[in-house]
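These notes are about the structure you will find just below.
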Amino acid sequence: MENLEWGLKMTVLGMGLVFALLGLLWALLTVILMLDKEPKAVVSELETNAEAERIAAVADDAVGAQVPEPATVNGMPADLVAAILVATMKHKLILRRQAAPFMRSYWPGSQLFASRWVASGRARQTTNWQPRGK
Amino acid sequence: MIDQETIGLLMKGVNNVTWQSLVMIGVSFVLFYLAIVKDYEPLLLLPIGAGCMLANLPLSPLMDDTGMLKILYGMGVENELYPLFVFIGIGALTDFGPLLENPKFVLLGAAGQFGIFLTLILALLMGFTQPEAASIGIIGAIDGPTSIYVSGLLAPHMLGPITVAAYSYMSLVPIIMPPVIYALTTKRERLIRMPYSQRKISRRTRIMFPIVVTVMVGTLVPFATPLIGMLMLGNLMKESGAVERLTKASSNEIANTVTLLLGLAIGSTMGGADFLKTSTLFILVLGLLAFCVDCAAGVLFAKFINLITGGNTVNPIIGAAGISAFPMAARVCQRVAQDEDFENFLLMHAMGANAAGQVASVVAGGVLLALMGAGG
Amino acid sequence: MIDQETIGLLMKGVNNVTWQSLVMIGVSFVLFYLAIVKDYEPLLLLPIGAGCMLANLPLSPLMDDTGMLKILYGMGVENELYPLFVFIGIGALTDFGPLLENPKFVLLGAAGQFGIFLTLILALLMGFTQPEAASIGIIGAIDGPTSIYVSGLLAPHMLGPITVAAYSYMSLVPIIMPPVIYALTTKRERLIRMPYSQRKISRRTRIMFPIVVTVMVGTLVPFATPLIGMLMLGNLMKESGAVERLTKASSNEIANTVTLLLGLAIGSTMGGADFLKTSTLFILVLGLLAFCVDCAAGVLFAKFINLITGGNTVNPIIGAAGISAFPMAARVCQRVAQDEDFENFLLMHAMGANAAGQVASVVAGGVLLALMGAGG
Amino acid sequence: MIDQETIGLLMKGVNNVTWQSLVMIGVSFVLFYLAIVKDYEPLLLLPIGAGCMLANLPLSPLMDDTGMLKILYGMGVENELYPLFVFIGIGALTDFGPLLENPKFVLLGAAGQFGIFLTLILALLMGFTQPEAASIGIIGAIDGPTSIYVSGLLAPHMLGPITVAAYSYMSLVPIIMPPVIYALTTKRERLIRMPYSQRKISRRTRIMFPIVVTVMVGTLVPFATPLIGMLMLGNLMKESGAVERLTKASSNEIANTVTLLLGLAIGSTMGGADFLKTSTLFILVLGLLAFCVDCAAGVLFAKFINLITGGNTVNPIIGAAGISAFPMAARVCQRVAQDEDFENFLLMHAMGANAAGQVASVVAGGVLLALMGAGG
Amino acid sequence: MENLEWGLKMTVLGMGLVFALLGLLWALLTVILMLDKEPKAVVSELETNAEAERIAAVADDAVGAQVPEPATVNGMPADLVAAILVATMKHKLILRRQAAPFMRSYWPGSQLFASRWVASGRARQTTNWQPRGK
Amino acid sequence: MENLEWGLKMTVLGMGLVFALLGLLWALLTVILMLDKEPKAVVSELETNAEAERIAAVADDAVGAQVPEPATVNGMPADLVAAILVATMKHKLILRRQAAPFMRSYWPGSQLFASRWVASGRARQTTNWQPRGK
């Protein structure tokens, strides 16, 4: 019982501290980001996803980062799904473009859906993308 | 000419085979199977299996006081050098951008550490000592180096099973997470889409992040300084862009060498007498439970946010990503979301939660050490 | 439940923050700035900054007797292994061909060490002890590994500022050298062209060079054996062409790993109590002075040669290259020359003087150690 | 100002030159010559030469108790870490497929170890002690790491000449083997063709091979566990195909670094007082003899097989390949065969015998250690 | 004499043990290979040789593996000999083909005689030929 | 004062020894080079410079070798200056060639003025230029 009490105390203190510390981190990050004054922009989910895949692909090289099983969507290979998806999105885009044509710097979805393996290859090519020095 | 004594000495090896050593060699075969055939974290489990096999061969000179495995253990496990080096490499390959774009996700990472403490309580109730219970709990960080670091300090005699559990369960992410998510979410919840506001993260912020985290966590939880310091050192080297040679060395040459030595040394702790106890089974079971509780806590916390904010802004699936298995946990979340609606893209959000989970599990490890030092 | 004692223990970190540690963390930020933004020897200054930051966090477990930074210090700074390994890598990438084509330039390398001894005298006058003064003087070798090696033996408590000074000033070569050269030369002198007689250096000579230098210097100044031996070992491996794998390993994997560990370990010596003294400021100022005196001595010695030989055969600009910052010093000399006359190509001559400076600074380090051993 | 005492101290180096040190520096030049000009195992002999030179310079600080060479010796020769790491790398690059396709060739590997024991007897008769004689005999394994491992345990004072002999004779395979083969075979025998039945070796078998060999040899000859365990660990990593990063690291970064350090450390044991004895000459001669006896025994054993089986199924040339110089011994056999009949292709068979020789020499090393432990 | 006796004992015991251990290994390997039930096939010597060269080339990268002197056959450079050899074998093949034409998956000698240096290059390209995972 | 005296003694002894040792090295090198009997040849400054750049570029890979700020000449980018320079030298060469035509194995300046970055790339390609073995 004494042990249980100690355990509960640990849990409360521990989770409390973890939340407190990460909450503080949240606050600090928010301040730092405010100083940055970079604008936010809503971007297409497809582009975001491709970017996320790129980041994940770099991290895959870490020791202890499992290279996962080949992705499937409802049992279909992810590549096939991606192809279908791109076709669908393209169709939507065409409809939207016909409805209200206007100039954009790039079309949503223009980067298409790069499969993880493609993204991975690209990421490896561009790993050292940070310009050196200033 | 060949006298009794000589024959006795020649048969020494065979005479010293014990059933425990045979079983442990069998265990090493299981590890080889998991590593090679099932592809479970082979970089760790294969060397661990080899270390286990070599340590359990009869009269193994590798386990003498001056034996290679003992030396490798002293070189980096006893003094915690190996897991810290591994962390430099992990930091050098982790992009905290997704977290910086959505800093509120840090809280999901915090929630994902709940399994640590629940398991600690259960382990206590099962009769483990306090340091042992804390070491078992840390499996719930689902973070190999943190588990090795913490249990190496608190309960080095349980290093073998804890490490094996930590790395095995990291590999089981794609198998364990989906059922937990399905059990705790409704289809409607899983269909929630999360629009994405991209924010360009300046290079300055990317460089400040590892520094700020190190100073903040290191000051508030000194016990976490080594872990968080090395993770963030790797990240600082990467984001600075000024020391590519060192970044590359940390994530390649150093990481590979240390991983091999670490695996062999950890494997060598798996002697029959220490490993073949019911406690080992408990450790494995409790560790698995810790992992499930982590996922569940993350999902429930995400639902709790929705409840508080009164909207359906967070897809609870990404709550499960608040653990440190980066980036696999995020990918599994994306897959679960896509299984419901293949136009639902949560990956970037899940990566944010996942990066938070990486930081949070290190923080949790430090907090645990602090409380144990404070503790009792 | 959360008693006073627990809270006290949890606040331990914050309570142990001192103003010295805060200042030193600020110093680490300055080092990060120099490394990342100003690109001053980032391979060294970034890890030094990280080591400094991590060592000054309150109660940092990395600084325990079994802490990582202490272990890294013991592994290679205390026993001088790191700078010697770095020297193997430098030797493996240094081509002494330009020096072999014009062996008379070795004397320019010798002249470029004058700053060491002048600074030593000044440091003595300022009240430093003899070993300390010698360690400050060695900054005037403008050679990172030599400075670490010598001051690690003579005055390990000043290792931090001396190393930071040595590497920072190596980076300041393009800024410090030109004004010194301009101040001491006339335009007419800077316009001197030096015709170039190419001499094919046979492979035999290239291989004999490192061996001859090692045996000669090692026999006459045994204290210089480690430094010159490792520099020349790297060069022998390169010129032999027979052990490409080892040459590559020395100048890549080993050099990168050792640089990271060296930087962290050096940084960890920068504790507030040791670093925040006026002596540190003196070290930085005297080191800078040593550098300027080196350049000046080299230029004046080149002019002296012209005086003796009665001709204008040596452009005094290349006298400034007789230091060990290879090949940057030579490049800066070429640029200064080209600023006067853009058809004036001195680079190969300057490289000869520069290679001589590399050898001479190692010799000077050994001589200094010998005199200190002999000394007093 | 420059008093007598100072001059005396400055001349200390020159005054401490001895004729032994001069001779040993000469020996290091011979090693450089063999390594660079004759291309005899330069990866080992060049660092050994450098270690020898640096250790024999007068008053070399590298040989102090805290000197670099002493530290490198303590880091990996004293505790046998270096040869074991080298074995991981060798295992990672050795394909035991040719042996698996023709497992009967293991016996040729066994025959090729006869020189070890014959030399042991001769060394005993010449007055060497039992451990010394065993260490000299092990040169007959024609296997660098095994020789270093065994003699490091039994007679560390003879490590220098034994290692030099082992690696030099490995390089002499193309010169020594052919005359032995010609002397013991008839032209008719050398013309025997050996048809080749290819058998696809499954991945499962390739993975099981290193595990089975480790468990079997390790259980029966515990003294062989470190050697065979590391060789087979490397092979397991390679054949598993699951840990390419570690395989690559073992056979590249780790192997290169360890080879450099190993060579320097071995070279440093070649002090004049230990090396310049008639015993060194005996070691070199006996080692050469051991090698010749190995080849002869292999060839004769192959002829013996033909005698027993009553057919001409085995070309006795491949008997000579039953040593561990893999794959060079096999290639030399192929060349000898092709010199008689250029349509005779024995390489694959010879590779099988050669791979067996690799395993057998490790087993022989373990057996020797076991008998010495049991022994006398 | 005592030493000689000890030495002979060592020799008998040592060689006995080495042969016994490797004999046991032979037996074990035979069992393992029987479990495999992979068929044996007689293949051309040239192909076997090329495969052996490939294996040797990989091992050449090991520390302590001597890169040998350039191969010569009866004093002629090995490459020249190889060319002659291939021509000879080709001629034989043609004769054999004319005598009894039949379909084979590949012709003996079709891979030709790759010189060691060629084989080596190829081996380096294909070192990681084992498929990862299952 | 005692310190000053000691310091002066150190300086005299130290610089004396450094000069003595390097002077001895000079003598030794001269002897070695005399044994070589390689002929000297006056070569164009441009070629020498390009060779020096190549050597410097290899050394740039050493730890602690600063990659310098981009070179400028009188405030102009070095590449531009180089181009002007090459044009100038070419012009001179043509004049010289017209004055006294003769065959040479290569024209001075034929290698042109490779910028450091070009030279660096070339050097990295050719780092292992020493033939292995004999």
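Read from first to last, the chains carry the letters A, B, C, D, E and F; within each, the first residue is number 1.
Keep in mind that, in the parts below, a residue touches a chain if its C-beta (ideal position, glycine included) is under 8 Å from a C-beta of that chain, and two chains touch if they have at least 3 such contacts.
Small disclaimer: the values here were computed from a predicted structure and weren't measured.
Fewest steps needed to get from subunit B to subunit F, stepping only to touching chains, is 2. Superposition angle, subunit A onto subunit E, using Cα atoms only: 120 degrees, a multiple of 5 between 0 and 180.
Distance between chain centres (mean CA atoms), subunit D to subunit E: 21 Å.
Distance from the subunit A centre to the subunit C centre is 44 Å, each centre being the mean of its Cα atoms.
One simple way to say how far apart two chains are is to compare their mean CA positions; for subunit B and subunit D this gives 41 Å. For subunit B, residues touching at least two other chains, in rising order: 6, 10, 39, 43, 220-221, 240-242, 245, 253, 256, 259, 370. Shown for subunit A are the residues that touch two or more other chains, namely 13, 17, 63, 132-133.
Against subunit C, in their complex, subunit B makes its touches with residues 79-81, 84, 207, 211, 214-215, 218-223, 225-226, 229-230, 233, 236-237, 240-243, 245-246, 248-250, 253-254, 370, 373-374. Listed in rising order, the residues of subunit A touching subunit B in the complex are 3-4, 6-8, 10-11, 13-15, 17-19, 21-26, 28-30, 32-33, 36, 38-43, 45-46, 48-49, 51-53, 55-56, 58-69, 71-74, 81, 84-85, 88-89, 128, 130-133.
Taken together, the subunit B residues at the contact with subunit D in this complex read 5-6, 9-10, 12-14, 16-17, 25, 29, 32, 35-36, 39, 42-43, 46-47, 50, 53-54, 57-62, 66-68, 71, 252-253, 256-257, 259-260.
Of all residues in subunit B, those touching subunit A in their complex are 39-41, 43-44, 86, 89-90, 93-95, 97-98, 100, 103-104, 106-107, 109-110, 113-114, 116-118, 120-121, 124-125, 130, 133-134, 144-145, 167, 170-171, 173-174, 193, 195-205, 208-209, 212-213, 216-217, 220-221, 239-242, 244, 251, 255-256, 259, 325-328, 330-332, 334-335, 338-339, 342-343, 345, 347-348, 350-351, 356, 359-360, 363-364, 367-368, 370-371, 375-376.
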